[in-house]
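A single structure is presented below for examination.
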Amino acid sequence: MDIFLQQIINGLVQGSIYALVALGYTMVYGIMGLINFAHGEVVMIGTLVTITVAGTLLKAGMPVALAGMAGLMAAVLVCMALGWALERVAYRPLRHAPRLTPLITAIGMSIVLQNLAMMLWGRNYMTFPSLLPKVDFELAGANFTAIQIIIVLVSAATMGGLLLLVYRTKLGMAMRATAQNPAVASLMGVNINRVIAAAFVIGSALGALAGVMVGTYYEIAHYQMGFMLGLKAFTAAVLGGIGNLAGAMLGGVLLGLIEALGAGYIGDLTGGFLGSHYQDIFAFVVLIVVLMFKPSGLFGEKTGDRA
Amino acid sequence: MQAKLSAIAFSVAAAFALAGCGQKEEPKAAAPAVPAGKPEVVVKLGHVAPMTGPQAHLGKDNENGAVLAVEELNAKGMEIGGAKVKFELINEDDAADPKQGAIVAQKLVDAKVNGVIGHLNSGTTIPASKLYSDAGVPQISGSATNPKYTQQGFKTAFRVMANDVQQGKILGEFAVKQGVKTVAIVDDRTAYGQGLADEFRKAAEASGLKVVATEYTNDKATDFKAILTKIKSTKAELVFYGGMDAQGGPMAKQMKELGIKAKFLGGDGVCTPEFMKLGGEATEGNFCSLPGMPLEKLAKGPAFKDKFTKKFNTEIQLYAPYVYDAVMVMADSMKRADSVDPAKFLPEVGKTNYDGVTAQIQFDELGDLKGGAISIYQYKGGKLEYVETLGGTPIETAKAEVKEAVVEVKDAAKAVAGAATAVGKEVAAEAKDAAKAATEAGKDAVKAGAEAVKNAADATKAAVEKK
Amino acid sequence: MKNGQFFRPTVSIGLLATVLVALPFVAALGGQAWVRILDFAILYAFLALGLNIVVGLAGLLDLGYIAFYAVGAYTWALLASPHFGLHWPIWAILPLGAGLACFAGVLLGSPTLKLRGDYLAIVTLGFGEIVRIFMNNLNAPINITNGPQGITLIDPVSFGAFKFSGTTQIFGLSLSGPQKYYFLLVALAILVIIVNLRLQNSRIGRAWQAIREDEIAAKAVGINTRNLKLLAFAMGASFGGIAGGIFSAMQGFVSPESFSLIESIMILAMVVLGGMGHIPGVILGAVLLTVLPEVLRYGVGPLQMALFGKMLVDPESLRMLVFGLALVLVMRFKPAGLWPSPERKRELQEAAP
């Protein structure tokens, strides 16, 4: 039982990380129907900026809490600027282009960001400074740490905050209007350029937050770390129904749980035929099965013809 | 129509561009050295390693080793076939990519090199070895450890480093010596990790260890908690990891977080300073292995280290001494054959018995290093500490061979005895035939056994003499 | 069109043919390595044209195309190597590889028929990964694919006694291995171009176009969208399978790392960059993306040395950076690709405000 509980905790934490990244994807997709393939790279930049800023400040003798906060702030600011620039330079000019065009641009931006990061930070794996004291808990034989609790709480809070933003504020209303029909929204006086830019900036700020969480948890960073993470998170977003905030959260957690429980138990269930080497495909198999029955994800609204 | 025109224009332009590139390459591709009584003969040695990409630093290290060897050879001024020989190194970059490995291998074959040193990675070495074999160019790698490289049956493929089979075996034996009873094995599903883990498993099981869990991850993963939790439930006493430091470090860390007390053991992929950096305190007390022996323990090691650091003003990364030896073995074979023609000196490479920096280099029938030594290290206080060297000494291998031979002879004797009783008991024609066959088989076995004993004895003698 | 009358189609085709025949010999002046690069360029053009059927003609976004290539490559590797001790002839394996890939295409196509755009993209991406991971792991409990170690010593293409590896003399001409493969690949590429051309202007091609533009409308006018979509997947996949077989034979070695997601993305980039649905454009995209990195490899390092006297940025990273930037810039200024089909160009101009 303690092992099962431990696997649930593992899955929940991993899933919350996916969810945090998936929220960034869904935010952009929900409004303009664009897969921002470079979002994983934004997360990576967030982690690396924090390493540089917090690392330098720690070396200069600043207390851990302050250095950590400064690192987070710097990461959020850099990523917001990056998100804004991405939208302005790469995506806005393509709003009327054929729909595969922005996808290729996004892939191109992803390659560019990865290689820029490699030039700036080098190709080696880096250690992330310890920003949180190591506190271990034990519950019925299962171990977990403070950072794990924080990750779960942060993703839940982020989703809550986003829901409030989208359904309770004026900007949120403008976002929903733009998502419904950009042309009509602009006739109603919504500045859709500004709304879309806002979505990118908010999504990227979330990416930075996710980057800091990932860094603090694994204490390791690398210029290629964003790609796989982004892919998994994107899968999570689609699983939950892309464009739906609660769906992204649930999709993320579900994906994390599937992976942990799959890796933990599939071997025993299939008599050793399948094992943890198939961990990466559980997610895709579940995704395909879900989409066969619900073509727009678990909580997705029926998409129109735009996709 | 315009579309078609531009297509033509493009193709023509491409053709010219290619031709242009060709002209630049021309001098390189000039005719090979032919020793026709000329005073000087140029011997071209190709060297391939990734000069770009994540392993560029290791590639540069290999190149330095080769450069050092070639400079020394030229300074010494060798004479082969009555002519003075000048060695020339052609460095190529394969970026650790199999496809590019084949392209640069083709390039070297085109340039009619006399021999190839490299490549660095097994993944590029294996596909490239086919091209060298087709062209009859001898290839000696100083770092490709995948057993497959030499098992393809190519007469041109050699390596001067212990392969993964040898390393996995020694790691398995070492695990037994640690007094553990149950082990869990994790590998990263790369050619390197899986190969090493498989050999470890064989050795561990052969010496009575129980493998209680086999788990997998990949070479891009950062989260290992699910598989580690499963390992925790099996209460394994030792976790073996076949893979690289970038995953091994965080894995060791997460083991600690989950409260797993098992020891952590890995191969050369986790025997790096990087592993300690990424694993932090969790690496303390862990073991890992490196092929070969530490330079300090080798007769010519410290001298080589001095030479190297003086010349390049940088520390040896990993494989430079092996690459250096690879070049030397190639030159030595040419000297013994008294020819730089690959077809003539290739047979001599197989007969090498060269006293190198890293070992007394001899090849077995496959082209693998005979009795490659493996050293075990332990992480202590943030440093790698040498523990011991296992395998590799000629005397020990010889002893093992004698043991095997004795067993074979015994089996053969048993077979003969069995056949004899069969003859005695049954007089029927059929039984007679069978017995005849059995006796013959027995005879053969005895012969083989005797031969093995003789070989082993010779080897022992040679080893003792060397000592 | 003004200058068109001076160059009749036959003349330009003749000229093109001459260039195509001469190319491997010209490239050989720079060494066989360049011929090998040329081979890869045509192989990728072949792949891109296969994907063009799915993406360009039928408008189905496929991010897992490499899976079919992998199926073809492994079919060849397993049936013509010492791994199982089988050495089947080409006329048996290549169609079988194409057939298996086709089957995989239908397998992928059938559950995804209802999906649109981005959902389809992620599912095909997942499918590609599933195939790769299976190839990587099917060495236990029964060793089928030899896992991450890959399969070596794969037989080269041969027709009877005529082998494609090594050098042979024909009519006094000395033909190297890569040069022979070049002609084989050109022949195959011409085949796929003809298929593409015939499809484009056929009933099927027009039906695909209708589905691409508006699926509901297509259904409404009586087009069997289900069968046509499956057909697109199956045809695209078959070409991927053939390309895979040739790749396997040419390399003599396959391992799962050759079939990663980034390869799928590369092939898609070739199609989109060149000009979706337009055959010359797709070929241009494939040739550019294969040759450009090689040219950059030979160019970037020496250029830096000449300009600054030392290596400021290592060529490999600059190469990828330039590549990424090229993708972004081309899409920014030529959203329909470098060489779009005339109709597509017109549509875009009309659509733009």
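Annotations
So that you can tell them apart, the chains are marked A, B and C in the order they are listed, and the count of residues begins at 1 in each.
The rule is short, and it goes like this: a contact is a pair of C-beta atoms (placed from the backbone, for glycine too) under 8 Å apart; a residue touches a chain by one contact, two chains touch by 3 or more.
Computed from a prediction, not measured in an experiment: that's the story for all the values here.
If chain B is disregarded, contacts among the remaining chains keep them together as one piece. Comparing chain pairs A-B and A-C by the number of C-beta pairs in contact, the larger count belongs to A-C.
Centre to centre, using the average C-alpha position, chain B and chain C are separated by 35 Å.
Put simply, the C-alpha centre of chain A and that of chain B have 42 angstrom between them.
Here the spacing of chain A and chain C, counted between their Cα centres, is 32 Å. With touch defined as above, residues shared between interfaces to two or more other chains in chain B number as follows: 53, 56, 189, 216. Touching two or more other chains at once are residues 136-137, 317 of chain C.
With touch defined as above, residues shared between interfaces to two or more other chains in chain A number as follows: 277, 280.
Residue ranges of chain C in contact with chain B, taken from their complex: 1, 3-4, 7, 9, 12, 15-16, 19-20, 22-23, 26-34, 36-38, 40, 136-137, 139, 147-150, 152-153, 165-166, 178, 251-253, 255, 257-258, 280, 284, 287, 291, 295, 297-298, 314-317, 339. Residues 1-5, 7-8, 10-12, 14-15, 17-19, 21-25, 29, 52-53, 56, 93, 95, 98-99, 102-104, 106-107, 109-111, 123, 126-127, 130, 134, 146, 148, 152-153, 189-191, 193-195, 216 of chain B touch chain C in their complex.
Here chain A touches chain C in the complex through residues 29, 33, 35, 90, 93-94, 96-105, 107-112, 114-116, 118-119, 231, 234-235, 238, 242, 272-273, 277-278, 280-281, 283-285, 287-288, 291-292, 295-297, 303, 305-307, going by the rule given at the top. Remark: chain A residues 3, 6-7, 10-11, 13-14, 123-125, 127, 136, 138, 143, 145, 214, 218-220, 222, 224-225, 228, 259-264, 267, 275-277, 279-280 touch chain B in the complex.
Touching chain A in their complex are the following residues of chain C: 55, 61, 111-112, 114-119, 121-123, 125-127, 129-130, 133-134, 136-137, 141, 214-216, 261, 265, 268-269, 272-273, 276, 313, 317-318, 320-321, 323-328, 331-332, 335-336, 348, 351-353.
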